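Chain naming follows the written order as A, B, C and D, and within any one chain the residues start at number 1.
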Amino acid sequence: MTDVAYRLDQTGLLVVDPYNDFISDGGKLWPRVREVVQANGCVPHMLEILQAARSAGVRIFFAPHRRWRAGDYNETWKFWAPIQESAARAKVFADGTWGGTFRDEFTPRQGEVVALEHWCSSGFANTDLDVQLKKHGIHQLIVIGMRANTCIDSTVRYAVELGYEVTLVSDAIGSYSWDEMKATLELNAPNYARAIVSTKELVSLIQLRP
Amino acid sequence: MTDVAYRLDQTGLLVVDPYNDFISDGGKLWPRVREVVQANGCVPHMLEILQAARSAGVRIFFAPHRRWRAGDYNETWKFWAPIQESAARAKVFADGTWGGTFRDEFTPRQGEVVALEHWCSSGFANTDLDVQLKKHGIHQLIVIGMRANTCIDSTVRYAVELGYEVTLVSDAIGSYSWDEMKATLELNAPNYARAIVSTKELVSLIQLRP
Amino acid sequence: MTDVAYRLDQTGLLVVDPYNDFISDGGKLWPRVREVVQANGCVPHMLEILQAARSAGVRIFFAPHRRWRAGDYNETWKFWAPIQESAARAKVFADGTWGGTFRDEFTPRQGEVVALEHWCSSGFANTDLDVQLKKHGIHQLIVIGMRANTCIDSTVRYAVELGYEVTLVSDAIGSYSWDEMKATLELNAPNYARAIVSTKELVSLIQLRP
Amino acid sequence: MTDVAYRLDQTGLLVVDPYNDFISDGGKLWPRVREVVQANGCVPHMLEILQAARSAGVRIFFAPHRRWRAGDYNETWKFWAPIQESAARAKVFADGTWGGTFRDEFTPRQGEVVALEHWCSSGFANTDLDVQLKKHGIHQLIVIGMRANTCIDSTVRYAVELGYEVTLVSDAIGSYSWDEMKATLELNAPNYARAIVSTKELVSLIQLRP
């Protein structure tokens, strides 16, 4: 699907969870994502897209997962989901640590929007991401980052429910397994994303400015 | 996972999209779901759970997809998702038709809650489902119905983001393919559902009343 | 405040609750709103704005309150608000009755959007109004209708929280008392509405346009 | 209205914006709220309720307004509301300053929940307050803090739209004028709050417990 035309003043790039714990060697989840992420060039692709979007004047948004802090999650919660229990147990993205810091190349610049932290998987749920997109006049959203069948899938689903037009970049997302990648890219996202493109295609599309 | 204890006065059963177009022979989507739905006994399981929940005093909620009406979707919309384009093209669940009516055995009874119709996949998005659950004091949600990797997956994800504890019943949901079932039951829902059980297990769990 | 410039393709007119029960002689709430509504010309102003908006190509949206149906509200709800208890007691906007029908001149035309019914006061809460506005590319919202300090105030507050720019038309809203009008127009809405204008000013603003 | 019975394990106390800028001598907004706040004993009442709630085992939640940071609000926003423009101009609740710190007696304790910061007036909008309340099983919400006709009114309206039962404490809220107090306490909140009580009544109600 490449019939999407981007109005760049209405287009946002959403970078989901570019934490060291996820996408840097030495991160807590790196051993789990390494196989996919190294094979599909996820990190260099994410960076290439970030740079192309900045050059094209596409506004940049970041959707960060809750940085773990003492007392988080189920210590006082009565109801929880397995993914939250895992996050609490592993203390992923711990606040104030290297793992809970964005990988260096993904440090937000002035004028770029870092949404409030999300507790589960959707970058929209219980955060200000939707209002930030609206305040900036965004209708078309390019989604990249981690992890395919959890945060990416949930964020794409929410974006569509909320009325955004979504482009997912197939080789700028990663996951724990190829089965998860396939579930997202072949079974689920084709229902929601208006376009699923490669990094190469995307960069070409947003360079062709009107 | 069978360590969930249900407080029945805080438990709701959510039946998603039990339309004739989906789960009855002759429905528009029946040819696509038949293989899975007949093999796993989805419809009789849904019915068995509905009856068990009613007997146990679990309140029943229905999450219906938008019934197609003339002018819906992309005629005036500027942004749309593929799943909405398909729905518009196929006129699924057309309002006022047999296909857009709940299968007979799933007719809501007095005191059962039919949420507002959803435009995409989540029974929560842009509807009153969350407030209806809150008004009835529900915290634990049992999810059954159609279709595994679209409405069921989205509804489960939203439920968890909103703070509900979700139980998914593996043989009371259906889909277009076994790959979709596997994506939902083995890859995605285990992150979100507090329990994934069979109909037999569920019926046993909600009969064991405190 | 008249420094708002409207981009008409991004502007929507939102008509809140133009039910006979509210704004027609003989309606259940008419005796309560008559004094204000007759004095400020609310109904003819609403109509004048509707016609001007249609002529200017501004898309029209309607936000209808829940039409009362048997079993609604607190019969099974565990928690309720006084305004909902009143609505249940008085059976206002009863479904299928004249009182629960839009006043004749406000019948929606083809291509105009009627949002899902709201249970309380905000036209956005638990409805599809936000997604409908997004799907039509709306960022600027002109709000008219009933009743100043309940549905209008709540809808304006929600619109702003969600990121819309709001214009409120001071003589195209009504209420039970001048105190309520003053609370809305002088104390509350000035915090949220980007502009509060008269019908005359509004009509002029949306006519002066390419 | 004093017919509300509290189930203390389902009851939360919500303290809205107890910033030095609002409720401490020397704060940026103190000159504007002083008259009302000193006359109705708002701050000592807020403290009395906080202590009573802690003693009764009622869980405590805080809803903090966005702490101003460089670049906030309309520098990149295309749409804004007057209240946000004022906040940006006055740099209220500036992050890292005394004014943007909770008044000393209102420092959250371990196990108490500080919701994400809100950009406008509702403690719920674009934050995690709703999910935090759900995760802790809360259905009844006692609301205190600042400022009557903006954050308090919006938070109460949102709470009710979302399905919570609200108690507002009339002498534990403050505002810029008696007109604003009257608008909230006599005209608006009676539609939404299940109970409006004095501090004395509230403390008595949550002490009388099985």
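Operating definition for what follows: contacts are C-beta pairs under 8 Å (C-beta built on N, C-alpha and C of every residue); 3 or more make two chains touch, one makes a residue touch a chain.
Values in this document were obtained by computation on a predicted structure and should not be read as measured data.
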{"item": "Chains contacting each of subunit B and subunit D, listed by label", "value": "A, C"}
{"item": "Interface sides of subunit B and subunit C: same vs different residues, half threshold", "value": "same"}
{"item": "Euclidean distance of C-alpha centroids - subunit C vs subunit D, Å", "value": "27"}
{"item": "Between subunit A and subunit D, centroid-to-centroid distance (C-alpha), Å", "value": "33"}
{"item": "Multi-partner residues of subunit C (at least 2 other chains)", "value": "78-80, 119, 125-126, 130-131, 134-135, 137, 139, 161-164"}
{"item": "Residue ranges of subunit D touching subunit B (in the complex, touch as defined)", "value": "130-135, 137, 139, 161-164"}
{"item": "Residues of subunit C touching subunit B in the complex", "value": "59, 71, 75-80, 110-111, 113, 116-117, 119, 125-128, 130-131, 134-137"}
{"item": "Of all residues in subunit C, those that touch subunit D in their complex", "value": "78-83, 119-122, 125-126, 139-140, 149-150, 153-154, 157-158, 160-166, 179-180, 183, 187-188, 190-194"}
